[in-house]
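Mind having a look at this structure? Questions to follow.
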Amino acid sequence: MISWIFQLLVFPGLTFFVWIAFAFEWLERKTAAKIQSRVGPLTAGPKGFLQPVADYFKLILKEEIIPRYSDRFVFLYGPPLYFSVPAIGAVFIPVLGETGVLSHTYDLLFILFILSFSVLMASILGYAASGRYAIISIGRLILQYTSYEVPLILSILAPALLAKSLSISKIVASQTSIWYIFYAPISFAVFLIVSLAELEKPPFDIPSAKTEIVAGWMTEFSGRALAYIKLTKNLNYVFLSALATTLFLGGPTLPMTIQEDFIMSFASLLVFLAKTFGVGFLIFVIKSALARIKIEQATSLLWTITTPLSFLQLLIITVFR
Amino acid sequence: MSEVWISKFYELKDVKISKEKNRIMIETSPDKIVETCRFITTKLGIHHLVTITGIDEGEKICIIYHFWGQHNFVNILVRIEKTNPRINSITNVVPGAIFYEAEVHDMLGVIFEGNSLMEGRLLLPDTYPSDLPPPLRKEANPEEIRRRMGLE
Amino acid sequence: MRISLKSWARKNSLWLFHVNAASCNGCDIEFVASLTPRYDIERLGAQLVPSPKHADVLVVTGTVNPLMRERLKRIYEQMPEPKYVIALGACAGGGGVMKGCYNVSHGVDKVIPVDIYIPGCPPRPEAIIYGLMKLRNKIEGVENE
Amino acid sequence: MSSDESIEKTVKETTAGLIQYSPEGLVPFGPVHPALKEPEYFKIILEGEKIVQIIPRIGYAHRGIERATQDRTWVQAIYLVERICGICSFAHSLGFVQTVESLTEYEVPRRARYIRLLIAEMERIHSHLLWLGLVGYWTGFDTLFMWIWRDRERVLDLIEMITGNRVHKSYATITGVRRDLPENIERHVQSAMKYLSERVVFYKEIVNTEATILTRTKGVGWISPDVAIRLCPVGPLLRCMGFKRDVRVDDPYAAYDEIVPEVKTSTDSDILSLLNLRLEEIEDSIRMILDAITAIPPGPVKTTVPRTIPKGDAMGHVEAPRGELFYFVRSDGGNKPTRVKIRTPTLANILTATEMLKGHTLADVPVVLTGMDPCFGCMDRLTVIDLDEGKEWQINGEQLRRYGIEWYKNNKRE
């Protein structure tokens, strides 16, 4: 029992993913800086590695301003709840073996729920803060969500269809010989595009477009609440990269079996980290090379291109398997 | 080109015309300003109003309309009484004049009849004291304005 | 010297919110230039944030005129504690060349308290980086007393 | 005839719309807004995401410089008008100085005229690059923004070598420039211009091929040239509608009669054509700088003039990076100007920009509004216009603040 709780909260559960989230933000800022021929964070820790940690602690230690006309209850308890959404999702991701800390026969469905719930939480938070920019931002967020939900589900269904199962551990287990990215490359590409939309990164950073609507639904948050929101955004980032790793790149599976349990787990961990950071890096590079598009363009792009493409992939899989 | 124009200007009555290099200056009376501007836009085909300058000359306020077209400045100069500074707006002829007229109104208190931005207090900060003269009038004192606006 | 986690986090994560209070743009373009590759103040952990509620440092440029004065007060009140103010440029410091104009305040400190003055018309990006370093030292000093 | 009437109608609506609006769907844009590096307030009236009307409330950068020039001597006034705007600072000092020169009988030395052209064109390159980078920023393309601002530093280096300052050059003076060119400047100018011309070709390719930029700019902000010409726009905004008007050619100053600029025009009148037009202007400026630096004649750079300027009126204009910048100067024969009137390009363009935005969505606001390359610091040197209800404000600052809080409370959950 204690071991299970340790797994859930420390490793490979919550704390582990939070540290990866910090590392992701550092890597994102460093990559963006490198592409823009800058240096990026440098003074906090070696090579600026502790920059996200400094940001986080500073925000936690700051005063929190609760606007007088906002929903006080949601304002206080919303951000931790928002944080818990990807945190719960992350423990379903297999890190050390073929199964995650938590697992279930139909856990892929739960992951889908998690993905949509984080958008719902964001809109509740934005609405509780009640500002004009927040309202516009939420309108855009939900419009964008309705247009990317279908391709998101369809692209996730491709690995499930290939493995003939809705269980993550089964999907991982059946990828030991060949990764699903080779069977379903279109779905992987669609998943990456949709991830950008889910993460509000360019070209889909429409709900938080700072030159149009200030900081979108985050405008009114400060201090502790903002720390939670920032961390959640990074955790979402990690969660989606890890999900792509799990569903399309074979997760932590190794081509051979090693007798020693400890070494086996350690090797799996390294494989998992390498793949996750690889996917994350791919997303950083894509987002650095693109400008923001408009909401109607995003909607039409997601409906008319990604949705038919993911259908096509499913059709190919059903016909050829 | 400018010679042709000058000969055309004599169609207008009661004008004084002077010319220096490519700057043509037409002095006319305030009640003929709309007519003169319409003459410039229709007969000469100059649509580009550069700006409207207002100058406080002590007894009178001098308003100059600067038009630019085909390598020549065409300026119309009118002088109005400072005690009752009113003149017809030219926004019907040159729509782009709306902000320029409002600016002269703001800075010198000239009222352009027919301009939609003349209603109420339109110009200067909201805290500008209404009993003080507009800032570009000769009698305006920057120190006093600063003191009244609470800037000292 | 012992550095507390609090002051370490604060000095390494200065989020800037920039307010142009009736400036001539000179200081503003130099401030933006200090974010760009040659100077890159992100090295110090500083970044530009879009909302004053996210910010730690208020960077004010320009000759604060009566219209902007009220806005500036409201923005300052919206920022969460602890907050710092940098007056960037000669106009923000004390009126500069605009001194005596009827529509300018003589300095930001007539409106809100200022921590760091960066003089110059406009200050070079190097001067802005120097000012940020001064602010970092100030944060450390205040916390360690 | 009917087309004339429709033009007339559109123009009427534009000017009349400045004061009529309903508070529903009102979105404030500014005065402190991430898209605007300068304070300016736009009331945007929306139906969903579609813009119905946009009302500028200018005046947040008003300082009162025109009045202040009357209290300064002629030489002090040069440095004051220069500080109207940090981006086109040399254009301001040049416009003022040339207008004053036309009142005197002194000739500007030929070498000084060449040096003036050199700095004016470098400033144009720096201003256009700055704007282009900010277009990247507004469309959320931070990488482009950083690259362009990195390249802009090369021009600033040259300006610093010649004038001693990066932003406010303090270089032009009555009858000439303040100091001569440094030695061996040709080498630096040529290498920097070579580098920049390569980069401009690269940016042209990015702008015309990158899909996300194209979708954001192509066809956005279209305005009928017949309507636009009635609203008196200037500069690149006018040239992108197909009107071939440039003060450098129409009324040559400095050395523009010897090194003639090529006036670029476009007929698409959208933001993409503005982007291309400005990039072409940079290329032309590079050519002119390279021509000027080889053809520059030897000689003095200024003559000495008395402190008083003869009595008279003078007007002059220069082509600032944003368009025609107009100066009117009246002297009464003393050592101070009696009246200095400045008309900056942004004030001329703002009416056109609000017309360009109608019918577009909120996402287009930063791109179009800033597409005219606004410089509110310039515009507000004198103008303050409160278009809010046209009602009389008789309250002090603190009351205004409370009014703002109350207003926010009442309008909060619409």
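Points to keep in mind about this one:
Chains: A, B, C and D, in written order; residue numbering restarts at 1 for each.
The rule is short, and it goes like this: contacts are C-beta pairs under 8 Å (C-beta built on N, C-alpha and C of every residue); 3 or more make two chains touch, one makes a residue touch a chain.
Keep in mind it's a predicted model, so treat the numbers as computed, not measured.
Contact tally for B-C versus C-D: the pair with more C-beta pairs in contact is C-D.
Compare each chain's C-alpha centroid with the centroid of every protein C-alpha atom shown, and the nearest one belongs to D. Rounded to whole angstrom, the centroid-to-centroid distance between chain B and chain C, based on C-alpha atoms, equals 41 Å. Averaging C-alpha coordinates per chain places the centre of chain B 23 Å away from that of chain D. Computed centre separation for the pair chain A/chain D is 43 angstrom, with centres defined by C-alpha atoms.
Each of the following residues of chain B touches two or more other chains: 125-127, 135, 140, 142, 150.
For chain D, residues touching at least two other chains, in rising order: 34, 59, 62, 64, 67-68, 71, 146-147, 150, 384, 397, 400. Counting partner chains per residue, chain C shows two or more touched chains at residues 36-37, 50, 65-67, 100-104. Of all possible chain pairs, those that touch are A-C, A-D, B-C, B-D, C-D.
Against chain B, in their complex, chain C makes its touches with residues 65-67, 100-106, 110. Contact residues of chain A toward chain D in the complex are 32, 35-38, 68-69, 130, 132, 136, 139, 202-203, 205-206, 209-214, 288-297. Of all the residues in chain D, the ones that touch chain C in their complex are 31-32, 34, 37-39, 59-65, 67-68, 71, 79-80, 83-87, 89, 130, 145-147, 149-150, 152-153, 156, 166-168, 375, 377, 380, 384, 397, 400-401, 404. Residues 27-28, 33-35, 49, 136-144, 146-147, 150, 210, 212-213, 215-216, 361-366, 409, 412-413 of chain D are the ones that touch chain A when the two sit in their complex. Interface of chain B with chain D (complex): residues 22-23, 47-51, 53, 55, 64, 66, 68, 70-71, 73, 75, 91, 94-100, 102-103, 106-107, 116-117, 119-127, 130, 135-136, 140, 142, 150.
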